[in-house]
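Take a look at the structure below.
Naming follows writing order (A, B, C, D and E), and every chain is counted from residue 1.
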Amino acid sequence: ATLAKGEPIKVGILFSLTGGLAVPEEDSALVMQYAIDEINEAGGINGSPIEPIIVDAKSDMNVYAQKMRELILRDRVISVFGCYTSASRKAVMPTVMSRDNLLFYPTCYEGKECSQNIVCTGPLANQHSQELIPYMVENFGKRVFFVGSNYVWPKESNKNARIWLDDAGGELLGEEYVPLGSSEFGSVLNKIRRAKPDFIFSTVVGASDIAFHRQFKQAGFNAEDMPIASLTTGEIETRAMGIEYGAGHFLSAPYFQALDNPTNKKFVDGFLGSKYGKSGVTHYNMEETYNSAYVFKAAIEKAIDENGMENVTPRLIRDAAAGVRLSADVSPEGEVWVDENNFNTWLVPKIGQCQEDGSFKIVKTADSHVEPLPYSIYPDAGTCTAQGLKLPSGSIRKDVI
Amino acid sequence: MDYSWAPLMGSLVLGLSIASIWLVAALGLTIIYGTAGVINMAHGEFIMLGAYAAYCAQAYLGTPFLLCLPISFVVVALIGLFFERVLIRYLYHRPLDTLLATWGVSLMLTQGVRMIFGSSPKYVQVPEFLSGNVSLGIMNMSSLRILIVLMTVVLIVGIWYLFYRTYFGIKIRAVTQNREMAASFGVNSERIYMCTFALGAGLAGVAGCLFSALAIVLPTMGSNYVVESFLVVVTGGGPLVGSIAASAMMGEFKSFFSYFFNSTFAQFLLFVLIVIVLRFRPNGLFANTAVRR
Amino acid sequence: MNGNIYHDKRAQWVVYIVFFVSLGLIPVMQADPFLLNQLAVFGIYGLLAMSISLCWGTGGILNLGQGIAFGMGAYGMAMTMQMQSQDPEFSPLPSFMSTNGLEQLPWFWEPFWSTGGGIFLALAVPTIFSLIFGALMFQARVSGPFFAIMSLAMLSAFYILVLDMQPYTNGANGISPRMPLEVAGYSLDPYSPAAYWLIFGLLFSLTVLAKLLNQSKFGQIVRALREDPERVRFLGYNVALYETLIYAISAFIAAVAGCCFTILIQYVSPDQFDVVFSITMVIWAAVGGRLSLIGAIIGAFLIQGSESYLGDQFLNSWHLILGFFFVIIVRFLPNGLAGLLEMLLAKRSRSSTEESPPHGRAKSPAAANAEKAGV
Amino acid sequence: MLMQMSSMSAFYGKTQILRDFSFALDEGQCVCVLGRNGVGKTTLMRSIMGLTDRTTGQIEFAGRQIGELPTHERSRCGIGYIPQGRQIFGKLSVRENILLGSFARADGQVEVPEMCTSLFPYLAENLERRAGLLSGGQQQQLAIARALAVKPKVLLLDEPTDGIQPNIVAEIGETLRMLNKELGMTLILAEQHIKVARKLSDRFLMIDNGRVVAEGDIDELTDELVDEHMTV
Amino acid sequence: MGGVLEIRDLHKSFDSHHVIQGFSMDVVEQTLSCLIGPNGAGKTTLMDLISGRLKPSSGSVRFRGDELSGLSESDIARRGVGRKFQVPAVFKELTVRENLEIAFSREVNPFRNMLKFRDKAMLAKLEEVSVLVNLENRLSIVAGLLSHGETQWLEIGMTLMQEPQLLLLDEPIAGMTEAEVDQTAKLLREVRQHSTLIVVEHDMGFVRRVADMVTVMHMGTHFAEGKIDEIEANQNVREIYLGTEEDAA
């Protein structure tokens, strides 16, 4: 992948536009196109427009891997934006790493990776629950029940949450995982009824999350007595489940549509007014995707400055992304910057409570930016540096996923 | 954990609810398979269409939820009828091919719905009294689940009445037993198959309408129900009683396994259990022993 | 219909030779790593379609759970490759295991320290599993649609099991070994001609073996039991044994495909056990012609090829097109494209010999004749 | 002329069973179709009903061409069929079996006709029994009752005494005679038992190898003919 | 008089329907026994019981001293019991040659059969049998295209390929022309030189020509047995099966 002045810069957009994962991912693909249009209208990058190559991963991990190979090897893109679930990220990373390309991964994830071919703009598990758990314990009580989808991210997030829970003096009553995509919560709700927690900490994702909130209310629970504190239930999910099922529950995220600042207003109005804004909401995932486009812009411009247009490689873009800062008038969630070592993002987590009209009211904002720590709960594993995972022994392992 | 009898009662009741969900999902499949021997892989998509029909009725016409049930029935029955006319009727004597062809149909339906409605989830509103909960001492059940149980009972009684108390039912059963002889006595077997298929599709539509309130309305939602529905029919062996027994068995086992293990592993155990059952009753619990000569 | 060249064994072998020689020559003409890798992946799909053709076409056993063997093979290979990148002394434990709270390598992972042992297990375990599952089902005379549904259920069970056994399988995230497979000190770059040759060699030799199997007495008996197992039983053959064997052989081929898949993609996930993927295999075979091994392979090439190249333009309607196409094939061409070819050739040979078909509208003799030799 | 077939051929798959078959039948007659095993008697009945895989040639019934009609419409023209081996619906009750017959009635009435209950008192007493539980003879009665419920103009009987105890054979013979002679119903009767045939019918039709080889009044059915075409 | 096949007090019922009720019979080596009886007497069911397709409710079937009931169909076939079905069962999609080849089941081990492409013994046998059943010119025809009579013959040929010691034929001449019947009779007499046969047939002319011994079955019981003349003279048999002159009056 080499660039030439004036010629389009090809990037891949790899999301599931169909299948079970399409719910969050399709919107990410749309907002990505919106961001690219915005950048191109503003003159592109060094005079070159960005040309997105949009492919559908069909919610199938094999297809993610296959499409990633097509993008990198056949279409010769310089970077790829995409993936949502950890599984899809794991599916594409071997290819990305072996071809030394670059993936912009715009959503929350569990961490515990140290790859030299990825830049993440969403919150890590440690950033997510740092504020949420203490807030919930303080306001609702110490007894908590964890419910999650049965895969890595919820489990790792819960490990993180347990640490904050212990700090706050809370008590974990039970931990339940349901199969991904399952919509049968009867037995989980029975267990909750028996445990009588003060609040629920939920890492249920996707369609299951919607079923969970509905059946939660239908089983006679309500948000006043036993709110659900979730890491995933945003504006899209709430609308899909029906606002009455979502109202009163909490979400921790770095971004909410209701954030009151001029950049966000411009983003929301601009996006919803564009041809991509048919869904009518903006969502933390979408905003993180939007930001990733601007991180890319900043990084590639820096790489071009330093190396010249023809010499830019994905690797140089990644190196240039270290420390890239999006100021408050670019990033709708407020200023963020990319960590120089682990290439995750410093951001400000916020807690929102869903209102009767489906919007979120920000009830708490972290006092300062929270550092992304991919190995926060595995201090023995080492620390992530730009060159690779630095083991306690001092040696460095590359490409740790 | 507390293993006293109250939670066990709770899972018994939950098992009943799961059983009724699976049974209502499998009813249409049972009728189509039991009567015409067609394995309808698009059944899950018919369920999905039922949910979308409910969504449309509500979003565009403002129909209240309970009225969506008959609307879903009619709409999906008509769609089923269409596919029966253009495709299935040529394949009645090739059961394995119906399985494949209907799978093709399911692909088309999923994608078609996605192209029309997009892949974002749709929301179906249920009346206030259905989003609550009924508590009977130690037992607890959401009113929606109670509605599903009731609805299942109503549908079963309805089907039973139709099959065993009406002339149409005599015709269906006659065609099922001996198509040629039924035709020799004025029964239009083509039309019976057609009606049965439409009926089965319509029942899937009703199931979809019910599920739209319980879970989520998505183009891909059908795949959540289709494997279980098949297992209900296969384990039951075809007849209605078979499906009732099979779903009761499966629902209770699922609930009990989930009580002792987690839901995922419970699902696995359930599948293994079914393989074992089939090992000993290869044609299902209530199979008709066919005489081959 | 003696004139139908389609059934001429010599002509069939000529087609085989032409097909495989031209596939074999590709790396000589084209060295683009992507193309080679992609063609190699298609080769794997070809293997899978061929295995379905063997089981379903020859034996009449519709297997909607071929993903079981495929997935097991893929996982076996992934475990082998994963252990190749682990250090027995400093980091014997794959990182996802420690994440999931394991402190020791589970016993069933131990054999995968050895590359040979790992590959052996990757092939043996699915084959043995199929032998057991097949024996259970076929001895109980579970057949036709019932077997299809049971294989589907078994597949879902595996999907769920692999998802649930996170400490041992890494659940939904699957296993992504960091390094390509290393055999005897040689690292097999998945984008190299070597990888292509490997897959191609396997496809070639397994297809030829399968074809020979079809032409042997064994194949003959299996084809007979597809039509009427009862009658075969009365001829003194143990039908369940034959069915189990053809099912297990087909599973073995799928396991080989699974191994190759991991070599090429360096990644496995529970999606290998995905129901849709297994049914897609059946579609390949059905479209190409389930009665013809090479037809099934070409079916896989055609469908995956068009998905890959048409997919982007027809992004939104690909499934619609695929579904429609498939329905049309099932409805009008039960024997797929190979069946179509057979029919055309039969028509030609008939018109040239002026041999008018006997009365009757039912099946054309060609259709009735379908697969006498199993192209 | 109630029914007329001209140059009819019938096939199962590719096998031709009836070859160039022609015959005519007047109202009120009883025609006996004779022939050895497997010559095509059943096939003749089935091609009248439209149950063979393929039939060519014409069938005219009550002034209507029925050769192209689907089976269920043929039966509605007033043809009652009593198939070989009875083929009653074992899982349906006796009543349902008879009601099923009346679905083919031209007037659309659905009922258990008087005639059935009076002819077969056993059935009348056991209307709710599952038909599969009846003995062979009773099943044969049921098959006749079911066909009578059609209110047919013509009754096709395929070896109605086949596998039935001798005393019941006599009874059935009596019933058929009554239907034909007293109620004037037209009968086409396939039989292997010459004695039964001679007793009941007005005319005969001898089939061999799918063709009509002899035809005429029942008196013309000589022993030589029988010996020639029906080896016993 | 000891026999190849000894059937003792055999019972078979479906649900509560007793089809075979205490049937006993002996078959002597290298004879052709005909089994006759009214429709539904249980003849086919008896064949099913001998060949293992059905399991008897009680009673025993011994073949050369070995108990057969309880063995699987293929095991029984392996012991030398061949069977032709009432409704001809050939592989319609395969050629006549393939049908015959498959029926040659000296080797049933699947692994050895995987390596078997050309089998001399089989070819010799095929040659012999195809001439015997008059299909030597039809070998490459798909069996589905054969006429009814030919299909019957093919099935007889298939059972011969099996080289059975005991051959069960269920209505072998149904649907055959006069000439074909003649040939079949000749064929069966030839086969009897080295095998034992049990033939179910309704055609008394044929029975008279081929049978060494006739057994009459009625309602699942052994009703009468003897030479054809004795049977035809037997008043009871005439009543239940053959019919009597008096009835005709």
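Note that in this section contacts are C-beta pairs under 8 Å (C-beta built on N, C-alpha and C of every residue); 3 or more make two chains touch, one makes a residue touch a chain.
A quick note: this is a predicted structure, and the numbers were derived from the prediction, not measured.
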* **Separation of chain D from chain A in steps, with touching chains one step apart** => 2
* To do: Would you identify the chain whose Cα-based centre sits farthest away from the centre of chain B?
  => E
* Please work out the Cα centroid separation of chain C and chain D, and write it as a whole number of Å. => 54
* Asked: When the C-alpha atoms of chain B and chain C are each averaged to a single point, how far apart are the two points in Å?
  -> 32
* **Centre distance in Å when chain A and chain B are each reduced to the mean of their C-alpha atoms** => 37
* Centre to centre, by mean C-alpha position, how many angstrom separate chain B and chain D? -> 43
* Structure fact -> Where chain C touches two or more other chains simultaneously, the residues are 160, 163-164, 230, 316, 318-319, 358
* Structure fact -> Check: chain D positions touching at least 2 other chains come out as 13-14
* Identify all positions of chain E at which a residue touches two or more other chains, and write them in rising order. => 85, 144-145
* Asked: Which chain C residues qualify as touching chain A in the complex?
  -> 33-35, 37-38, 41, 95-96, 98-100, 160, 163-164, 166, 170-174, 176-178, 180, 190-191, 265-267, 269-272, 274, 276-277, 308, 311-312, 315-316, 318-319
* Structure fact -> Contacts from chain A onto chain B in the complex sit at residues 17-20, 22-23, 26-27, 59, 150, 176-179, 181-184, 186-188, 190, 193-194, 207, 210-211, 214-215, 217-220, 236, 239-242, 244-245, 278-279
* Once bound in the complex, which stretches of chain C touch chain B? -> 62, 133, 136-137, 140-142, 144-146, 148-150, 152-154, 156-157, 160-161, 163-164, 230, 275, 279, 282-283, 286, 316-320, 322-327, 330-331, 334
* Parts of chain D lying in touch with chain E, wherever the complex brings them together -> 13-15, 36-38, 136, 162-163, 166, 193-195, 198-199, 209, 231-232
* Asked: Once bound in the complex, which stretches of chain B touch chain D?
  -> 167, 170-171, 173-174, 177-178, 180-190
